[in-house]
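In what follows, subunit A forms one complex with subunit B and a second complex with subunit C.
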Partner chain A sequence: MTASLTGSMASWVPLMPLLLVAIGGFALLVVDALSDEHAELATLSSVVLFCAGALAAVLATGKGLVPPPSGVAPYLAVGQMSQFWNATICCGAGLSALLAGGYLHEHALERGEFYALIVFSAFGAMVLAAATDLLSIFIGLETMSLGVYSMVAYRRGSPRAAEGGLKYFLLGSFAAAVLLFGSALIYGATGHTDLAGIGQSVRDGHANLRLLILGMLMLLSGLTFKVSAVPFHMWTPDAYEGAVTPATTFMSVVVKTAAFAVLLRVILTCFSDELSASLRTGWPGMLAPMAAATMILGNFAAARQANVKRMLAYSSIAHAGYILVGVVTLYSGDEQVRQTAVSGVMFYLLAYTVSNVLAFGSLIALGSYAKEAVSYEDLAGAGRRHPLAALPFVLGVLSLMGFPPTAGFLGKWYVFSAAIASGNDLLWLVIVGVLSSVVGAYYYLRVIVYLFMKSPEPGAAIAVPMRSGYVVLALVLSGYFVLKMGVTPAPYIDLALSAASKLG
Partner chain B sequence: MQIELGHYLSLSAIVFGIGAVGFLVRRNVLVQLMSIELMLNSVNLMLVAFNRYMPDNHAGQLFAFFVIAIAAAEAAVGLAIVISMFRLRKTVHSDRADTLRH
Partner chain C sequence: MTAGGEALFAFCALVAVLSALGTVIVHSPIRAAMSLLAHIIALSGLFLLLHAQLLAALQMLVYAGAVVVLFVFVIMMIGPSVPEPPVLRGMVTKTAAIAIMVVLTAILAFSLMPVHMPDIALGPCLPGEGAECDQFGGVGAFSQSLFLDGLVPFELISVLLTVAIVGAIAVARGRSREEVAASQHKRDAQAKAAAEQGAREQAMAAEVSAHGGHG
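Then we have the complex of A and B:
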């Protein structure tokens, strides 16, 4: 009796990161209603997210990972891979909450609901990344997106925020409707809503092919919208620019991670048979040109921006392209190559999370009330006046550029080498990726040039760095991981590899 | 005339198409929101129709309930954003939202 009770208690352990975040979100709402000090909400939300992330990181190693309660299994996978995604998502969301603690206070925008939105959106992202059923994919996607729409439109008095939020909301709901229509078609074609059942039916050839292909295309379109791949990227620069910077950080790291996680899972469990994973007849034929277009357009458009936030928005599009190369590599029939590709994408997203937090966090740190740093001109000379505030920015852009020995370099290395290992069919994609990241070097280095080698125009408004323990903590944490993952990547890539071999 | 699965699917596809075209053509945000509702409801119709012809479980009908609930949540957030934009710009036309340009 006691043994079975402890046994059933233990089976909840793999769900703890999810439950912790959900309970933390409700606790935040209560604390917000009862107290009028907002600073503690930033502490509380980041503590909740970091605790959940740390727990997920431990579970991702496979220690203490037991099968979840029976009702959970058809809808959510809580194995090593999901825990890795949970850890990445919680890390990105927790760092965004820290940045929000500094930014919202400095710019007199502090309202408690922002932290609750971060935590609930992170919960949606975790559900999405763990989803193994079309239903839980849709619920996770919407839970995440509804929070993010609100975060983008959060700054009430700003027309830009309302406009960014409106554009993101309209296009996002349209994409969700397309994804849903695709899900319904797949259900009709196979008779299943769970991914495993769909995959079985596709492999057996029982599925109605016409409905299935249409459904697959619509489902993948809906998901690639969320990762802002070309041609579904139009909302990205506007939403990123209109949103308050911590919300931009959250969108660029957490939403992208969760969307790629579910994209990988859908492809691996449902569409890995020979017909649908062929370069000519299946999804790789759609995703490979998409990856190339995303890398090219993202990098060239980023090079033309005068606004650093918009530049980082296009840079996030370009990064989506690099990661898509890793996703396309899953067409390979070789199990070894597929696992390398999956672990490469996982490592890339973790590296991208900390690098992007570093870049956006430094942009936040370099501005203060009514003197927000947004354009390159605002950064002019800031590195010479405030070297300590500019240093993390340098590290962040170097990592985004893929400069060794940073985390970003190894992320690109793993993804591209997996693509090369899959054979000659993807060589062109890797060449496009390497050439377009050379263009990327131009606009990332431009940040450093402006920081250290330019002087502000006479009479121009000069951005003054803010003082905030929260922002400093976020920068120190992300900077530490950018260097640590770049210098000693072995524990992280081993973790990703062992998670990729299980697919749970 | 016997109503078959094909009829339901055609109706659903037509409603989805009307919604999609309405979303892309109309510039009034409220009409665009209604178009999205049309698209979601066409999905509901299709889910329930598929379930009618594959009665092993209730996955399709279950799915439709969740879609209805989430559509309501989506409309709530959408209308809040529209109101916030209307207060600032005195318009509900999405092509008048053009402050953000590269």
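Then we have the complex of A and C:
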């Protein structure tokens, strides 16, 4: 079989978002090398990412979506679902690039590499989300992760950045090795590296069961590490705290989206037969307790933090738990329930992307070079002194909390209602989720309390909000989508549903 | 499979496992690098037994020839006699780690037990098997799968290598002296302005709280 990469011009259209981002990344490197000023790199990278995202959003509706060249199909899926993920990833990465444009300039950290890393990591994330072969999963994962490791360790001379970066790098490499070992075992058990072939072999019962189960567990462990699910969450607070805030934003939204995308694809294509999707014997038996532990630990640990960035890190762990509830719902044999669950997870990740950018972006906006806003104390009274800078923060935490009519509320609603629709087996998980999000309300509201009802300690250094058009633009864009998705969710959930009905 | 092949497999596998252990256990970095070298050579022996001649040659050239040599250069540059690292972990942690290792190994062994191994070392091609068997693992067959069947992952890896280089530069490169000097000036002015602004804010906050906190 000789695959080919030649085809009509039209057959390249579905690959355009991916190619645009890759070419944009290389263009950034060239522009950075030839120009002196760095200010326009933020504009260039965010324009590239938003263009790719907009194109992917159009393709996600199914318009102009033709089969790609035959050589691509075994490794990457470029159907509606992949395009939806592309759009989400590009949106998160583009907003992070905007935040970086403001933050790096303000804190005298401006260097062109950072934008190239954002764009290339986003490319890796898109490959990962579209991967249909164990080989492309691994390549996508590494492309994404290598960029993120370096973004975490980017701030030179900061011991916290070095600590976070090294921890993330070592644990991440270990997780990648586990994933690779799992892939090897799955290949040994089924004789296939492509997900469709593995799924066929599993359904036919040809696979060696012991090898397959161990391989599946290792593969899923490697992937759940990336979404920072308990017990693979240890690196998250340190890496999130040590990284420069735009990198933290990128990690929390883009990496999570891509990892959940590939988790969904692997489960739906390979392990959706009755045996491996059974609550007692299959992967749900591993993922359901994991989801519960992630929600509980994430929320309780977040409530104990004094540092807002660390609080948001634990809150992102908690959100991984809520999304895992949606993933576990795929155990259901009912096609309707599965599609609702998949579209719920897709909507949740899009909502989470814009809400989290809003929260981290406001944290960036409330500090400046002299003093960065990191702890609750730094936020004290900022809302009364600078209502405009604090307003997006309020919207962001309300959405993360799941307060109607924001996007976050509907995300939780769709995921939990799919879990309930699947039957009584997951009721306990939904109850755990709802109860633990009540704990979540405590620490999210605490931000608002500090912003508006506290006063700074007399004599303490005060964080003065920074001024940057980039950050304002990012906040306006994400704030718009948080409200838009919360008030008129129909176009988004319809898009997710139609993408979920055609796995590709 | 021939008896000679089996013996060679056993030898290479034993060397590979022992040298892998050696790489992580020994304290001296230079000995660890040498263990790694032994491991790589043993691995390429295993590749040879599977008729992957080109892969075996590349393994020797790239890893034994280039990568390990680079490691040794770096160790020589830093100095081979790194002082013993202090023992940070207590007996409890060590015991727990060993216990987890044993359990994991047991699980792995249990899962691998039913696998029968006819193919650990392939015999020579039989007369009837034709050209495909002869060419397997050679340059032609290897290029076929690398540049035709696997062209997409091959291209994707080019981005992976780029991001690795850019990332390494981003982490290792500080700012150049000119950049630091240029920004320092700007920073000083900004910091001064920010300090004044901070003082104003402080006064404002004090005023707000003095008036009952409803500013």
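In this text, the second predicted complex is superposed on the first by the 497 of 504 C-alpha atoms of A that agree within 3 Å, B and C clash if a C-alpha of one lies under 4 Å from a C-alpha of the other, contacts with A are read in each partner's own complex, and residues count from 1 in each chain.
Rule of thumb we're sticking to: a contact is a pair of C-beta atoms (placed from the backbone, for glycine too) under 8 Å apart; a residue touches a chain by one contact, two chains touch by 3 or more.
Because the structure is a prediction, the values reported are computed rather than measured.
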Touched partner set for A:S368, first subunit B, second subunit C, both or neither: second
Per-residue touch tally on subunit A - higher for subunit B or for subunit C: C
First, second, both or neither for A:H206, with subunit B first and subunit C second: neither
Touching partner for A:R156 - first (subunit B), second (subunit C), both, neither: both
Contacts of A:A22 with subunit B and subunit C, given as first, second, both or neither: second
Contacts of A:E113 with subunit B and subunit C, given as first, second, both or neither: second
Touching partner for A:A301 - first (subunit B), second (subunit C), both, neither: first
Subunit B versus subunit C as contact partner of A:K167, first or second or both or neither: first
Touched partner set for A:A461, first subunit B, second subunit C, both or neither: second
Subunit B/subunit C common contact set on subunit A: 135, 139, 142, 146, 149-150, 153, 156-157, 165, 185, 188
Parts of subunit C lying in touch with subunit A, wherever the complex brings them together: 107-108, 110-115, 148-153, 156-157, 159-160, 162-164, 166-171, 173-175, 183, 186-187, 190-191, 194-195, 197-198, 201-202, 204-206, 208-209, 213, 215
Touch list for subunit A against partner subunit C, complex: 1-3, 5, 22, 25-26, 29, 71-72, 74-76, 108, 111, 113-114, 116-117, 120-121, 123-124, 127, 133, 135-136, 139-140, 142-143, 146-147, 149-151, 153-154, 156-157, 165, 185, 188, 208, 210-211, 213-214, 368-371, 381, 384-385, 453, 455-456, 458-459, 461-462, 464
Residues of subunit B defined as touching subunit A within the complex: 9, 16, 19-20, 23, 29, 32-33, 36, 39-40, 42-43, 46-47, 50, 54, 56, 59-60, 62-63, 66-67, 70, 73-74, 77-78, 80-82, 84-85, 88-89, 94, 97-100, 102
Subunit B partner contacts - residues on subunit A that touch it in the complex: 134-135, 138-139, 142, 146, 149-150, 153, 156-160, 162-167, 169-170, 173-174, 176-178, 180-181, 183-185, 187-188, 191-193, 237-238, 241-242, 301, 304-305, 310
